[in-house]
Amino acid sequence: MEKRVLFRSGWLPWLLIAPQMAVILVFFFWPASQAILQSLQAEDAFGTSVTFVGLENFKTLFGDPAYVESFKVTAIFSVLVAGIGIALSLMLAIFADRMMRGALVYKTFLIIPYAVAPAIAGVLWVFMFSPSIGVVSYFLRHLGFDWNHLLNSNHALTLIVVAAVWKQISYNFLFFLAGLQSIPKALIEAAAIDGAGPLRRFFTIQFPLLSPTTFFLLVINVVYAFFDTFAIVHATTEGGPGRDTAILVYKVWHDGFKALDLGGSAAQSVVLMAIVVALTVIQFRYVEKKVQY
Amino acid sequence: MSAISFRNVIKRYGKGAKTNQVIHGVSAEIEAGEFVVIVGPSGCGKSTLLRMVAGLEEISAGEIAIGNRVVNNIEPAQRDIAMVFQNYALYPHMSVFQNMAYGLKIAKVPVDEIKARVDKAARILELGHLLERKPRELSGGQRQRVAMGRAIVRQPLVFLFDEPLSNLDAKLRAQTRLEIQKLHRELGITSLFVTHDQVEAMTLAQRIIVMNAGVMDQFGTPEEVYARPATTFVAGFIGSPPMNLLKHAPGVRPGTILGIRPEHLMLDTDGWTVQVEYVELLGAERLIYGRVGDEQLVVRADESQPAPVAGDTVKIGARQDKLHWFDAGSGKRAA
Amino acid sequence: QTEIQWWHSMSGPLGEWVNDLAKQYNASQKDYKVVPTYKGQYDESMTAAIAAFRAGNAPDILQVFEVGTATMMASKTAIKPVGEVMSAGGAKFDPSVYVPAVAGYYTAPNGQMLSFPFNSSTTIFYYNKDAFKAAGLDPEKAPTTWPEVIAAADKLKASGHKCPFTTSWMSWTQLESFSAWHNTLYATQNNGFGGTAARLAFNSPLHVKHFENLAKMAKDGTFVYKGRNNTPDAAFPSGECAMMTGSSGLYARVAKDAKFKYGISTLPVYPDVKGAPQNTVIGGASLWVMSGKPADHYKGVASFFTFLSDTKVQSDSHKRTGYLPITTAAFKLTEASGFYKDNPGTDVAVTQMIRKTTDKSRGIRLGNFVQIRTIIDEETEQIWNGKKTPKEALDAAVKRGDEQLERFQKANKS
Amino acid sequence: MVERRPGLDILSHVVLLLGIAIVAFPIYLAFVASTHTREEILRVPMPIVPGSHMIENYTSALMGADTQGARVVVGRMMWISLVTALVISIGKIAISLLSAFAIVYFRFPFKKIVFWMIFVTLMLPVEVRILPTYKVLADLNMLNTYAGLTVPLIASATATFLFRQFFLSVPDELVEAARIDGAGPMRFFKDILVPLSQTSIAALFVIQFIYGWNQYLWPLLATTSEDMYPVVIGIKRMIASGDAAVDWNLVMATAILALVPPAIVVVLMQRWFVKGLVDTEK
Amino acid sequence: MSAISFRNVIKRYGKGAKTNQVIHGVSAEIEAGEFVVIVGPSGCGKSTLLRMVAGLEEISAGEIAIGNRVVNNIEPAQRDIAMVFQNYALYPHMSVFQNMAYGLKIAKVPVDEIKARVDKAARILELGHLLERKPRELSGGQRQRVAMGRAIVRQPLVFLFDEPLSNLDAKLRAQTRLEIQKLHRELGITSLFVTHDQVEAMTLAQRIIVMNAGVMDQFGTPEEVYARPATTFVAGFIGSPPMNLLKHAPGVRPGTILGIRPEHLMLDTDGWTVQVEYVELLGAERLIYGRVGDEQLVVRADESQPAPVAGDTVKIGARQDKLHWFDAGSGKRAA
């Protein structure tokens, strides 16, 4: 996509991109290349003894069942977070879109979680579900449901999924609402005249027309589930029980920060970067030929 | 039996103090198979009237019947109507075929029949080669035809059109007008067509409803509306250039308004003294814009008449059998 | 005035304590100013300091938990042994004044003491006297052996108690201290004191038997797993759990929060094991001095450490926090003050520690220890939720832990 | 909506109210907890209606409670958070506007390379390269500075991406009109493009403000001095010592306080937020 | 001296293999003060031609001069032109006043003078009361006037218009047309106006350039273009309904095409036998659509003539002095 008429100037565009280039070169490319370099080395925590080991770290990584497992967990987790988050917020948006009165009040309440820091969201949820003082776990127990995310993997996964979805629901909701409101009203009316009821209209008209929004949110949510949920996992399950909630970013952090295995951690970073760059490229491909209406 | 009956229909928007009445008791009977055009300036309530027929707006008071069924409380889908929207409202993610088939699919029409009906409509509208395209791959005129096709395949009791031509350019508009006429001749389905363009109204309608600020000023054939406008509003709205309406010209009694169409005025040796302001050439004829006293006047003259130029003073005579008289107070036709 | 940067991980009341120490010291002289900074939990502050060191920006003093000791020791050029600091600063330093189990832990194989002992703790046993009474148990008689603990737990359970027993710090209490207490090796090479070739050994029959008992308790509902690290701490003072093994550093909180009568006792033991009970291992943290600082900084550090070694300061800290008195003199002073009499049970930790240590009980000092503890948490959780037998879990933990040790050995070869 | 179905309307309200109940519950609970004493909260189950200690809890949270270890002075931390969030949002918007302008409106050599260099950074968070980034920061002597807290977080292309999408949607005719009016590139940028980008700028401001305000891991590294700690770190460190010793009432009071500025930003700007994003995103 | 000269102007889009030549050597001289309309179907290169004059597109070959200055390499701002765009291209965030003043502000015209010039333009265009509004608060017609105002205040050598009326509805379009004419009369600035609507072209132009696929088919006054179309393309394009072009009708020699305008046909006792297909009533006159042999034919008849109905067979005669003959191969006028 390009503009019909472009400005011509030898130096101005360079001047304009200079600040951004400076920032990303210094704080992105340089550190990223360091990370790549580090992923090819074995070193002690303090960096006082460094040896080049080639792809050794990667070999260890992919040979490590824990890492492969972490991939699996991350995949399940991301699918759940993106899927449930998108579905729930879409549902809320659909109903909010129907409302003419009270919509603002609903909207305002629904978007507040967006303002909560993930680190604090984790605190809130652990506070609610803590086996000793959590209100929710107390009531669950009372209902005869023995909540124990410390030992039950499903509970643990549920907990981080719920917390992560909760944190992201507002963001999705806002986008869906806007997307729904930008669908021309006449289309809905045409469908109504064609005999489609609300449900049918949703599935055959609104949802397909939301697909650019949905796709955009899908990418955003996957990236969110990959990275921004770290603080939630850190605060709630710490990857347990076992390694059943140790998602990739938690593992990077754990191996690098807690365990001080810098080479291994750097190798994991490199893998993550590759995944995200791939996602970025896909996103661009799609955006460039997005559906127009 | 009428195909559509309006019985003292009233429409109010808003509630309580914010109520805004936009339709003030419209009554009309539209015969089966008739092509009726609702015309009027922007905001006069044309779309509102149409949308009440479609069931997209509630009816505040009065009744609307389609066939012999009062539809006030019937859902749009059950009214047996089809509608063509101003922006066509094609489903952007569906192919032309799917767009046309959508209503039938919902109505659970068998696949074979859907195909047959869509193919037939596509043939009529010359859309056959476009069936697999998406709306965005079509030109404006083609989209228009698809919108019409979507209405046709439904074989409804009534067609509703809300300014379906206003997004087309002049040439395409004229052409599509002809197509709609042809279609109506072929299918014979009762049609209600909204437009604010009087040329469109005149060329398309069997009967015209002229709306003026929520009130139906006249309901008649194009000839009637053109030849015997019921109010000064109708007189001024229909015809291009519109009828000259004069209050102070020599020979007009106070309290009355004289209407005379441009084509019924001519350069003469006697008559009103007119200051020519400019002259417009329209292919085969010319329009002479001038002033009689403080009032504007337009004369339509053909090639055979002499051509004055801006600045000339000429004498203009009127055909005495073509004068219209209105009451200045009510605006109603006096004679 | 020279500023001495001190990064620590003491939060809550302990953070207050650290700040007070610095204030007291700063007020006592004019040449140096100690600036304490909270840098997150133990692991966070250590990473932060390592990152800072690599960037040439390390603090002067860093508080490192015992689990990081091997890592710190291995990085010879990054740290300055505390003895050197003291002599460079012209202060006198005598390692022999420290409680042996403490001094021994922070001393390199060559006999050089590398870090300055600061807040050492050990594992002890807490129990709820009110709950004991309600269950028909003698509140004044603490269970001291595992069979007694199991029996008491059954009674508590029968009386309707929801959580008869739990533990904090799974690896520290149930494997590390447990091994030393029973004079059994946790890892070869004298638990890693002998060098980086150490390999894990906590899947011995004794260990397996112990975890089988715990697994049975978990199944019966008499042992309730409450999470990793010190998360379970809350369950005791709140009254939720009736018995708990945990850090002596928890004492202050228990004293403050418990709304019931409680007792403190030694870590339970298997009476049939020869040589048991021996001694427990230390936890908590010590202060490391980072290398590459100007000489006047070291002078300041030495002066500050001299201040911290003061017997009065030591004793006050011990009483305030529940951490061990790390010099024998401080212990004596505290004892003389009648503190132990007034606060029964506060001496348990000290008595557990002030014993002559053996090669098997001096402590655990392993590379990648943080990872190993995480592995142990991960694997033992599989026991409590019934996915693995104790033997399977411990074997797996040993196997995975050994991989970590090999890695550490490789990385620190040169 | 098209049809009148009271049943459906009621269902909508019910679903939305239920949604709000669930979505707002954790925050409500935090608020409730911030109005009780510590003991009341630790009692199981904790009360679920507000208590009577709100004022004292908030006062001690704001003043830096005595019961806390290292004094957690919320006021100072909120200030740091605010400055950080503002610098990140404004800085990012500023540099992104410029570079998106260059990318969309200019032809220059190596444009494709520059384009991809900028856009690979689109979704890569600082977390995956945090240690090397830290080293760069230290080498540049930027630890414990606002610059250190903010600039590395500015090094991503999210805003550039959104501006690019928006600029592409600006009608070509506007540039042409401006050129005929005699406006050069910078004049066009200043007089036309930036004013037109208002809604996008507002949307990005919201996103970046929240992003900046909510940072945790990076400030933990980039600051070594307690008076440069943002409020999120403050809250985390109040609960660092396991949940028995935690003054949950104060933690929750602080959490609610920390929530107020970003919540105000989101709520006040929600209209532009959505508009700005939708105008460009689709 | 010409105001604008095209000297064998060629335009190619794209480079290398993808080159696409869209203007094939246009030469024309436009006199100072003239109002010239460029007309042609979509894609014929009208906009391209105009944009080359504006400096928004590079000129691939040939020369364009404004006044006596070749402008091939001169920036738009330096060409002393003003342009009105199809979508008006008003700056949405600026008030009407600011929109009009922007160009002057950049040119560093003193504030007083800016105000005076804008006020004057606003008076001419009756925008006085709208100066503080934002474009989105204006109706289509008002926006149009602002766009024009922005051009006027510049007092340029040349006005360029790219389909400025096509976004207006029919009524407004007619009205704005008159305004543009009036303006041109008053200001006398050389104007180049692009449209694909031949009615617009005919009513506005002093001279018309008819473009056909990148080639200038004819350049002449409306009367010339209407009365003596240079090609069958021009003949079919200009006039509404367009000229009837017949190949096989009785009396047409093979290899030639006969052109005859609808108004030059009449119901007669003798002539072609025409099958009436339908009849369209347009106020004062009617259009009779029919078929002669396999060819379509339109007749324009006024009220005075008898009205056939669809299905009738009638005889149609042509005015022999109004026949046009074209060469069937080249499409060029033969006589």
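Couple of notes before you dig in:
We just call them A, B, C, D and E in the order they show up, numbering each chain from 1.
Keep in mind that, in the parts below, a residue touches a chain if its C-beta (ideal position, glycine included) is under 8 Å from a C-beta of that chain, and two chains touch if they have at least 3 such contacts.
Predicted model, so just to flag it, every value in this text is computed and none were measured.
Path length between subunit A and subunit B in the chain contact graph, taken as the least number of steps between touching chains: 1.
More C-beta pairs touch across one of A-D and A-C than the other; that pair is A-D.
Remark: subunit A and subunit D have CA centroids separated by 15 Å (rounded to whole angstrom). Centre-to-centre separation between subunit A and subunit C, using Cα means, comes to 38 Å. Centre-to-centre separation of subunit C and subunit D, using mean CA positions: 39 Å. Remark: subunit B and subunit C have CA centroids separated by 90 Å (rounded to whole angstrom). For subunit B, residues touching at least two other chains, in rising order: 56, 75-76. Residues of subunit D in contact with two or more other chains: 2-3, 42, 44, 131, 135, 176, 179, 236, 243. For subunit A, the set of residues that touch two or more other chains comprises 4-5, 132-133, 189, 192, 197, 256. On the side of subunit C, the complex with subunit D involves touching residues 5, 7, 9-19, 36-41, 44, 48, 51-52, 54-57, 59, 229-231, 233-238, 240, 250, 253, 257. Subunit B contributes residues 54-56, 75-77, 81-83, 85-87, 89, 91-93, 102-103, 106-107, 136, 150, 154 to its touches with subunit A in the complex. Interface residues of subunit C, counted against subunit A in their complex, comprise 43-44, 46-47, 50, 53-54, 71, 74-78, 225-228, 234-235, 238, 240, 368, 370-371, 374, 377-379, 381-382, 384-385, 387, 400, 404, 407, 410-414. The touching residues of subunit D, counted against subunit C in their complex, run 42, 44, 67-71, 131, 134-135, 137-139, 143, 220-221, 224-226, 236-238, 240-246.
Note for the complex: subunit A touches subunit B at residues 184, 186-187, 189-197, 200, 204-205, 208-209, 211, 291-293.
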